[in-house]
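Going in written order, the chains are labelled A, B, C, D and E, and every chain counts its residues from 1.
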Amino acid sequence: MLEYILAKYNFWIYVVLMMIGLYAMMGKRNLVKKLIGMNIFQTSIILFFVSIGVKKGGATVPIIMGHGHGHGQHLIKVADYLNPLPHVLMLTAIVVSIATTGVALATLILIYKRYHTLEEDEILAIRKDPSSYKTLG
Amino acid sequence: MIDQFPALIIVAPLLGAFLTPIIGWRYRQLCRPWALMILAIPLYAAGGALLQVIRSGPFGYNLGGWAPPWGIEYRIDHLSGLMLVLIAAIGLLAAINAKPGVSMDLKGKEPHFYTLLLLQITGLMGIVITGDLFNIFVFLEISSLSGYGLIAHGEDGAPMATFNYIIIGTIGASFYLLGVGYLYMATGSLNIADLAAILPNLYHSKMILVGFAFFTTGVAIKMGLFPLHVWMPDAYTTAPGPVSTLIAPLMTKVAAYIMIRIMFTLFQPDFSISVVPVATILGWMAVVAIIVGGIKALAQTDIKRMVTYIMIAEVGYIVMGVSVMNRPGLTGAILHIVNDACMIFGLFLIIGAISYKGHGREIYHFQNLNKKMPFTMAAFVIVALSMCGIPPACGFFSKWYLIMGTIVAKQWVFSITLLCSSLVNAVLFFRIIEKAYLAPLGGGAHGHDDDHEEEVIVRDEAPASMLIPILITAAIIIILGPLSGKIIAAVIQHAVPAAF
Amino acid sequence: MIWQLDLFLLLFVIICALAAINIKDLLSAVIILGAYSFFMCLLWAEMGAVDVAFTEATVSAGVGTVLFVAAVFKTVRRSKD
Amino acid sequence: MKNWFKLISWVAVIMTGALLIYGIHDMPAWGDPDSPANAHVSPRYILEATEKTATPNIVSAVLADYRGYDTLGETTVIFTAAISCLFLLRRRGGKK
Amino acid sequence: MGEVIYSAKPLWAVLVSMIAAFLILLTGEKHRNLREGWTILAALIKFGLVFSLIEPVLAGKTIEYTLITLLPGVALQFRVDAFGLLFGVVAATLWIPTSFYSIGYVRTLKEHGQSRYFFCFAMCLSSAIGVAFAGNLLTLLIFYEILTIATWPLVVHHEDESAIMGGRKYLVYTLTAGCTLLLAIGITYSLTGTLNFTSGGFIAGHGSPGLLILLLAMFIAGFGVKAGIMPFHEWLPSAMVAPTPVSALLHAVGVVKAGVFGCVRVILFVFGPELLHQLGVWTILAGVVAFTVVVAGLLALGQDHLKRRLAFSTINNLALIILGVSLLSKNSMTGGILHLANHAFMKITLFFCAGAIYAKTHKDHVSQLDGLGRQMPFTFAAFTIAAMGLCGLPPVNGFISKWFLCLGAVETHQIIFLFVILTSAMLDVAFFFPIIYNGYFKKPLPDVAPKIDEAPMLMVIPLCMTAIFCIILGIMPNAFLNFFNIVRLAVANVLGG
């Protein structure tokens, strides 16, 4: 069993991270905490993708060195280089995640301007009963 | 020219979006004509592409000249052609409609609004046109991000609603991405056509099952299928008028499109039937969605919120059509995507016009509205009848196919649910029609004697830029109905997998 | 690949993640999130995804943290949970 | 209400986790060079990218060329986010 | 069946009043005469179109027009056969007097919302003709639903509490019925793959007997709501709050007849006599409607409100029509289908009379009519003629249809149904003759004018015309419109003889 876990430990870690992130997004009442959870959640997916591209047995970074234009093409061996595709995808995913975070933070500032708090339950209370706003504000 | 249509559909609004802030920087008034002009291009190209598909079958377009599994392929088949035309048409009409609403709610931010509108359309069209799973994710995020920005600018509760939408929407998109990851891990490919060829050998792999589960959950979040709908009513109710008009009809429908793609193009139908009981689960979720959506809608007095709950029920219709797994059901689902987009669009247009004229959105505000806004209300009646499934409006025909699907599948509970739901819709809409057209209850007829002067009610119609899209949409709703036979023969029947 | 380093990084990542969502002071939480991102970069670099690691270091650990810190300064530092 | 909400989120988290763990069983061994992901599409990038695009970095080659439209989309995402933030944070009704 | 003619005439017969409806809406309240002109013009054109169809149909031809394909094997299709033509002719003919009468009625009472009123009226007629000429179940359903919706504004026309409540009840009943029909038609389509009406039915041989019986029940319930079959009749008396020409239209021309028409279509052209004999359900069906016949007659006795009494009489007579058809013998079918036409003429006369009385004197209860015959002799004469017809007395047309019904009941050896028909005639006598007697012979109430003081000519002339028609049709059933021949042909088509 231990061996089984160790064989794919990256995947296990990503599952744990994902659960942490998901829990923070759903269970935490503070909006910043939710965003932190979102970041963890997204990075865990990136970790998952990067793990897909790993090749054991001496594969290196997918940068081909020392070959001029097309010469020596026969020297390139697939097994020597890591799978570049997941890396490409994840570059996009990182950018997407930071963009989402940016927009979410902008909304966060709007929310704070309006309610002067970032706790979800307090905001809900204010929305239900606008008079409680003054006591908190 | 025709060969470049697929690229044109995406590139034109994208470039347009990049240029809009530059134009708006100095000449703010030019933003709207510019956006309209830009939006006409994809409509034209999408129409041309659809005709091309009808004439000579699906075709692909390799971006950058790289062959499909390696490069990104844009693929237009019957289903995506239809969706493209739908999105482009609704986008254009929504942009025409936006003018008065934007100048009222979003004064001084026209460039931003039109940029985000164009980006939204780009994102939605990109989702539909691309044949690459990861590219769908990218476009999904473009449309979601522009949606977040637009919605957050709405009335009082909007930022909070948007924040929830961002959190839940990100979970949805990430689940989708996770699904892509699992499929990539199992097959090594991201191209839908390529995957569809590889996958059948792997149907019993647990990775595929998990990937499929994440796909469906992610997409279900985006389309607001019942237990995952929590973000939807708040977001669409609080969004500014022109924004909900644009996003509400399209976002859920495009998500439904992704679901149909995944279940019927990416996976073969027998995967969803024999390997996973997902069809049955989805069907019962749809039943719950329809019932809960209907009940919640009945409980609302704010008509905009009511419509969002109706949308939840309508999403249930589409999912139900998918879940019965037969030809009439899927035909009905696809037809309902089109029809429902038109109907919901019409409803939001009308609500937008009514709020623009300063009338509230509560049902009692509709009193005597037929005298103030006769054309708007006439269009409302048409949309309402279509929602109740009264022929010859288009709602009847999609409902017919959906019911046929449930009958063929011998799912009687589903059939009864659909029928009851159209009765619920009748209650929902006739109470408003009654309010708008008839004298207040207890007031009595005011016609028998002309002795007492009626209070003079001045006609106060919405401006032309709002009224024209409303009337066009109403006309489309009527025309689509009798034409549905033709649409199905020309387009939809080719979109249904041959296995059915 | 050195599995001890690997394991150490993975453990650290998880500890940072747990800390980030449990610390009541939002500024510290955000800084810890930056550290989390940084450890993640190391992990990826160690797995050979240098481009991803660089991007993550600049974008997430860099820009992201800055954005978060700015937002926290503009709003409130304390959190209830 | 708060406890109820926490319970829901715990259930959702555990269900997701269970699903993920269920999926791990059939995964190819970590770092297997012959796993489908490493064997189907990507070899061609490694073999021909340098030659066809004249870039030593395969990741850049794929990013900018093979999947160029993903990158275009990525740029658009940034642009969208920037415009969204501007749209939200600029003062309402500003007269320029 | 004989040869098929392809002609757009049925389509135009439907469209003409729909076009008129929009012209009416456009013309609006300001040009009242022009607006009413559209109504009359459309009515005349429609009548001409439908009339021109009689000859070819009697020559054994069928007129077909396919508009657009809706489903594989099912088109939006008009097909005029003898039975459909009968309903079409009745509706088109009666629209003319109703139009004149309506104009008189709304102007006398200075009704509000007249444009809406005439718009909906024209839409109703359009869809009624559409129902009559529909070539398949789906087309029938489409026009049937349009009819439902177009009638609603007429029912709630007065916009007071009872009107709105009546309207709600009407909608609940008819829309639920529409859903039931939709389901039934869906099942039929999934069983047979076609929906085209065929003389003698097309569903035989598809599906198990149990399913077919369930299907028949759904169809009869769906159409029966509009036809007022008990226990689905509740909406009909409530809908009496509508203006009288609307009640006339509801009861004589359009709505309820569309329900009866649908029932008969289903019985004869979807299921067919043979299948019903096989299934052995016709006795149950006949029993249910026979029950409606008797109970509606009894309930009518208890009504003091004139229009409510007429409403129950309508329920009674409609059930009689369906009874005739469901007995499935040649004579009973002839009687039933003929009664569909005859009842329309008689009942519209009665409603016209009730409306004329109300418009003139604002009286609408039976007990208020004492001695009114002296003030309004023409109205009362017409009322008497029509009432005699409904009781089955010669020489009014009701006699002929009831005679054939009785013959049919004898033919089937089900004496109980003969008794039912005779009892209903007795009940008719019992609830109509007191009105006539009171009107002529009782001491007038103080507010009755001593001299002749009739309603406006626009109302009296139409009601006299329809009354005279009742007598002419009673003496010469083939006069003008060849009703009897059409009915014979329809029955012969069904029975394949």
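Everything below uses one rule, namely that contacts are C-beta pairs under 8 Å (C-beta built on N, C-alpha and C of every residue); 3 or more make two chains touch, one makes a residue touch a chain.
Every value quoted in this text rests on a predicted model; they were computed, and no experiment measured them.
Peer 1: Going by the contact rule set out at the top, which chains touch both chain D and chain E?
Peer 2: B
Peer 1: Count the C-beta contact pairs for A-D and for C-D, then tell me which is higher.
Peer 2: More C-beta contacts join the chains of A-D.
Peer 1: Quick one: which chain's Cα centre is the longest way from chain D's?
Peer 2: Greatest centre separation from chain D goes to chain E.
Peer 1: Which chain's centre, taken as the mean of its Cα atoms, is farthest from the centre of chain A?
Peer 2: Result for max centroid distance from chain A is chain E.
Peer 1: Report the inter-centroid distance (CA atoms only) between chain A and chain E in whole Å.
Peer 2: So the centroids are 70 Å from each other.
Peer 1: Centre to centre, by mean C-alpha position, how many angstrom separate chain C and chain D?
Peer 2: So the centre of chain C lies 18 Å away from the centre of chain D.
Peer 1: Can you work out the whole-Å distance between the CA centroids of chain B and chain D?
Peer 2: The separation of the two C-alpha centroids amounts to 25 Å.
Peer 1: Rounded to the nearest whole Å, what is the centre-to-centre distance of chain A and chain B, using the mean of the C-alpha atoms as each centre?
Peer 2: 29
Peer 1: What are the residues of chain E that contact at least two other chains?
Peer 2: none
Peer 1: Taking each residue of chain D in turn, which ones touch at least two of the other chains?
Peer 2: Within chain D, the residues that touch at least two other chains are 20, 27, 35, 37-38, 41-42, 45, 57, 59, 67, 70, 73-74, 77, 80-81, 84-85, 88.
Peer 1: Where in chain C do residues touch two or more other chains at once?
Peer 2: Expected reply: 51.
Peer 1: Chain contact topology under the given definition, line, ring, star, complete or other?
Peer 2: Graph shape here is other: it fits none of the named patterns.
Peer 1: Mind listing each pair of touching chains for me?
Peer 2: A-B, A-C, A-D, B-D, B-E, C-D
Peer 1: Under the stated contact criterion, what part of chain B meets chain E in this complex?
Peer 2: 385, 388-392, 396-397, 399-400, 403-404, 407-408, 415-416, 419-420, 422-423, 426, 430, 434, 437-439, 441-450, 482-486, 489
Peer 1: Which of the residues in chain A come into contact with chain C in the complex?
Peer 2: 9-10, 13, 16-17, 20-21, 23-24, 28-30, 32-33, 35-37, 39-40, 43, 46-47, 50-51, 53-54, 59-63, 82, 86-87, 90-91, 94-95, 97-98, 101-102, 105, 108-109, 112, 117-119
Peer 1: Using the touch definition from the top, list the residues of chain C that touch chain D in their complex.
Peer 2: 51
Peer 1: Spell out the residues on chain A that touch chain B in their complex, using ranges where they run on.
Peer 2: 22, 25, 31, 34, 38, 41-42, 45, 48-49, 52, 85-86, 89, 92-93, 96, 99-100, 103-104, 106-108, 110-111, 114-115, 123, 127
Peer 1: Would you pull the chain C residues touching chain A in the complex into a rising list?
Peer 2: 7, 10, 13-14, 17-18, 20-21, 26, 29-30, 33, 36-37, 40, 43-44, 47-52, 55-56, 59-60, 63-64, 67-68, 70-72, 74-76, 79-81
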